[in-house]
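Each structure below appears as structure tokens.
Here subunit A shows up in two complexes: once beside subunit B, once beside subunit C.
Then we have the complex of A and B:
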């Protein structure tokens, strides 16, 4: 008996899609339309308020002719390179140490990870205080009797960016540790046992067998830390406010001050588009491969 | 033979000492900023300027905490963090509930009611997890203005809900994928409909991921600064923005003890959540990083 489907049946068929529709709409507008909108502003002559005219790539030329933007890009490179290597190094070492049947492993793990629960504004405030040469670490060491000790990086234009690296590593290395530890726990123990029977030492086993097996974990950590590096904003603002001068300017702080403080909305939008393109170049291939893999799982 | 065994045992003991030593040094490094914040917040200003920043206070005083909570000046108004702390609560509660609820429904549809193109939809949503928000602030400011929501807590609730959907959908989708489809099939045969299955089978089963989602969203939204500073001003700001304003005051003798107490107050809610439910927080971290 082939009767036409009743209205309620058809509604039931469409229900999943109807439930999904508002979210999809919100994401299409809030993410994709807004990105296009920002792109449009970056091609207009907007300064204090958005203008919807078209001036071609003028704002991009202006952006790349700004010395301040060059500082920001250079800083992003220095910061990302150091932040990634040190965070991955520290995270991996912590994960391997914690993987040695440690008593109180849970407590130590919690200690390494708690910075991730705090806001960058809070941790930036704390580190700014610790690194303050008049009252922080420098003073403590001076008071201990070593009077020539100088640690005033945060006030020096050529070194201030490294203090941001220190705080960022402190904040994120526990996260790298968590991912590596999950990877280590996923490795089959029999591989290690076999190597031990062959007479390999523990450091050897880690260097030549276990660490290479962590490749997927490395990939995730690199991608996510890269993303964190590009959007680092609050930490810089809280620690140095982009200074001294504009020595610690980053693309994120540049975007903010161009848009909201210096009435250069077009240039700000152009810098935001540059940030977006950098993130997309890292994230889209990663998401693509992750999604493809998870589809093959079934 | 015995000497050989003894030297092997000694090497192992040295190894253990090295491992524990390194772990403890690292733990000290991680705890140092928290220690310094708490110690500094319990000192008087004279002691701070006179002594070292790392030691115990000679006389413990909670004056700085009281000041940070209800007297410190933010801009021209000297109300302390209190009103801003409540702003953050008014913002975080609805935003967490809304984004988690929507994420649960999305994850349910994407795994149990797949339709043509549902993978594409998931991919489109997933990119939102990695969106650099700078790329959407300007249009969002325009839209909030037109909706009459600029500079308001409701505006921030809307923004955090919109950009929270990406993560919550990811959480629930990865969780519901592990629940056997037979369960929903059987319920359908018994005559249960779309919402019936969701509310009486899926949601009860999803309690752990719901906790993960709530904790993750709570931390993210409470700690947000960029949206707060871009879309609000003055009295409607969340606590992170107010904290930054307290700390960056440049006039007069800097009150480091008040700064540190204020930082602790702004950090306490997420710290408490982390201490109570750290396990779920970590699961959120790793679920956001790798597929479930």
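Then we have the complex of A and C:
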């Protein structure tokens, strides 16, 4: 026998959908609609304000014929590769060392995590002064008596991008460490005990058992850091403002300047689409592997 | 629940009651003058507007050479809520006018005879066809050299007559333990020197061919290569810590004697005057050296957006009148370091550098050497002008050959067309 549902019953049925609807709508409009809009603009002749015509791939040709864009893409690869490997390496080592049941772990963890609390603007400004040869490290070492010491990377177009890596690694290592530490704490102690009983040394246990078990943590770190690398904007602006020359130009700074300073909105949109595709190239395989994993689990 | 609702209603009602019955009409003005001397100069305009009974709603957006302001403005226009007025540099006013969002000031112009008082070279940047679309307030000169007098005396040198001399003087300054030239590595700071070199080495006609008409032949000419060769020598005058240096910091280096010279527009003068330095005795100002001296100018103007509220339109008229008012232009420019956009004003109580600028302008107008500063968007549209910035900035920091730089210019301009 079916009873007519009361109002509150029906409300209870609909409530989850009602609650979800606004956020779904906001995401559809605020994210996907604007991605589509940017895609359209990248195919139009837009210069100062959006034009809704169609010129094919002209803006993409223009984009790839711009030397600054090539610099930006090359820098993105250099920066991302170094930033990811060094940050993961440093973060992992710090996490493993912290995991040895040392004293004052909480305090150390706070110290390591602290840089993450600073904005990239602050980090960038501080490192800009530290690396300036007339004010920072070079001057300090010179004043200490080592006259010939030279550390002027930030003024050299071919090395400046590495100084951005240094600052970014300094900023994000603690964050990588926190994720790895959480991963390490989640590992069942009995596995390690068993390995110890088998007579494995500690480095061997870490290399063969623990680090492989950190795979989900690795994936999280890579995706989060990769996304930070692609959107890096404020750090570059604060440290070098894209200079010397435009040696530290990144896709994000290129996009801003094309759209808002050079009256090349179409080119800016095309560069944004290229960035989106780069992000997609990282995220889609990740999602795919995650989804596949969860299917296998069930 | 009900109680809460009433409480909210009551409190919002009391808020409304607390507001004054009818506030004065405020005109929102968007600009990117955030430095101290700039804000002080703006106060002159603000007070004159207040005297006419209108308020000033400040909407300053600093940073990114106006890029941040452009971003803010576009979102405002997209939402149909433009500010009442905006400060324009370069082609901005004409470009926005072409989008149909600016109102014209023709009625005021006819009633007051403004057009006759504005230098004819400036008109293309404030007139769209027959419409006057912006009121210019000042004129800066870009191709100045600011020098520390004590450093020059110590090195035993006088203001140079040619760029070759200037570069030799640099060596003497270095021997005297002074950094010859203070500057930053921002593309526009290097571009200021580039603009000067193009006009000083190639002459005003070459400047127009290369930077205004963007003629590929002029861009790839031997003269242009010579410009880059000289720029390479100028690089040798700069210290190693120039990366990321602000122009005002570079001015500070000349002020405290750490550096001998700075090549910069006359907004740098504000920094010298603010430290109590006197032109002629503490610091020197002279045009970049050339046989055919030019006057590379840029102006700031105020444009008015189309709005629906008639009260705001009246306030816009008032602002335009204030901006074009001889006394306001006089007082404003005295603080800002520039000279009035009106050519019909006496400059007797301006400092010596401004007077020299005024004289040079009269000569340049006669000689056809009034040149819009490419760096600040008064020669070509931004998509082209920034190509010069890209190339000179790269050239300046690495060891690119002049031939390659010239090639990059030609292909870059071509790509931006």
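Assume the second predicted complex is superposed on the first by the 267 of 298 C-alpha atoms of A that agree within 3 Å, B and C clash if a C-alpha of one lies under 4 Å from a C-alpha of the other, contacts with A are read in each partner's own complex, and residues count from 1 in each chain.
In this section, contacts are C-beta pairs under 8 Å (C-beta built on N, C-alpha and C of every residue); 3 or more make two chains touch, one makes a residue touch a chain.
Here the structure is a predicted model, which means the values were calculated and not measured.
**Q** Assess the superposed three-chain arrangement around subunit A: do subunit B and subunit C clash, or do they fit?
**A** clash
**Q** Applying the touch criterion given at the start, work out whether A:241 contacts subunit B, subunit C, both or neither, answering first, second, both or neither.
**A** A:241 sits against subunit B and subunit C alike.
**Q** For A:291 in the superposed arrangement: first (subunit B), second (subunit C), both or neither?
**A** The first partner, subunit B, only.
**Q** Which partner reaches more residues of subunit A, subunit B or subunit C?
**A** B
**Q** Can A:60 be said to touch subunit B (first), subunit C (second), both, or neither?
**A** A:60 contacts neither subunit B nor subunit C.
**Q** In the overlaid three-chain picture, which partner chain does A:276 touch, first (subunit B) or second (subunit C), both, or neither?
**A** first
**Q** So in the superposed three-chain picture, is A:262 touching just subunit B, just subunit C, both, or none of them (first/second/both/neither)?
**A** Touch partner of A:262: subunit C, not subunit B.
**Q** Can A:158 be said to touch subunit B (first), subunit C (second), both, or neither?
**A** second
**Q** Have a look at where A:83 lands relative to subunit B and subunit C in the superposition and call it first, second, both or neither.
**A** Touch status of A:83: no partner.
**Q** Between subunit B (first) and subunit C (second), which does A:174 come into contact with in this model arrangement: first, second, both, or neither?
**A** In the superposition, A:174 contacts subunit B only.
**Q** So, does A:135 touch the first partner subunit B, the second partner subunit C, both, or neither?
**A** A:135 sits against subunit B and subunit C alike.
**Q** Across the two complexes, what residues of subunit A are contacted by subunit B and by subunit C?
**A** Common to the two interfaces on subunit A: residues 128, 132, 135, 241, 256, 260.
**Q** In the complex of these two chains, what residues of subunit C are touching subunit A?
**A** Residue list for subunit C touching subunit A: 64-68, 70-71, 74, 77, 95-96, 99, 185-187, 239-244, 381-383, 386, 390, 393-398, 408, 411-412, 415-416.
**Q** What does subunit B use to touch subunit A in their complex?
**A** Touching subunit A from subunit B are residues 15, 19-20, 22-23, 26-27, 29-34, 36-37, 40, 48-49, 52-54, 102, 105-106, 109-110, 113, 115, 118-119, 121-128, 130-140, 142, 162-163, 165-166, 169, 193-194, 219, 222-226, 229-230, 240, 243-244, 247-248, 256, 259-260, 262-263, 266-267, 270-271, 273-275, 278, 281-282, 285-286, 288-291.
**Q** Touching subunit B in the complex: which residues of subunit A?
**A** Residues 12, 15-17, 19-20, 22-24, 26-28, 30-35, 37-38, 41, 50, 90, 93-94, 97-98, 100, 102, 108, 110-123, 125-130, 132, 135-137, 139-140, 143, 170, 174-175, 178-179, 182, 202, 216-217, 220-221, 224, 227, 230-231, 233-234, 237-238, 241, 251-252, 255-256, 259-260, 265, 268-269, 271-273, 275-276, 279, 283-284, 287, 290-291, 293-295 of subunit A touch subunit B in their complex.
**Q** Report the residues of subunit A in contact with subunit C in the complex, numbered from low to high.
**A** That would be residues 47-49, 62, 65-68, 128, 132-135, 152, 154-158, 160, 239-241, 243-247, 256-257, 260-264 of subunit A.
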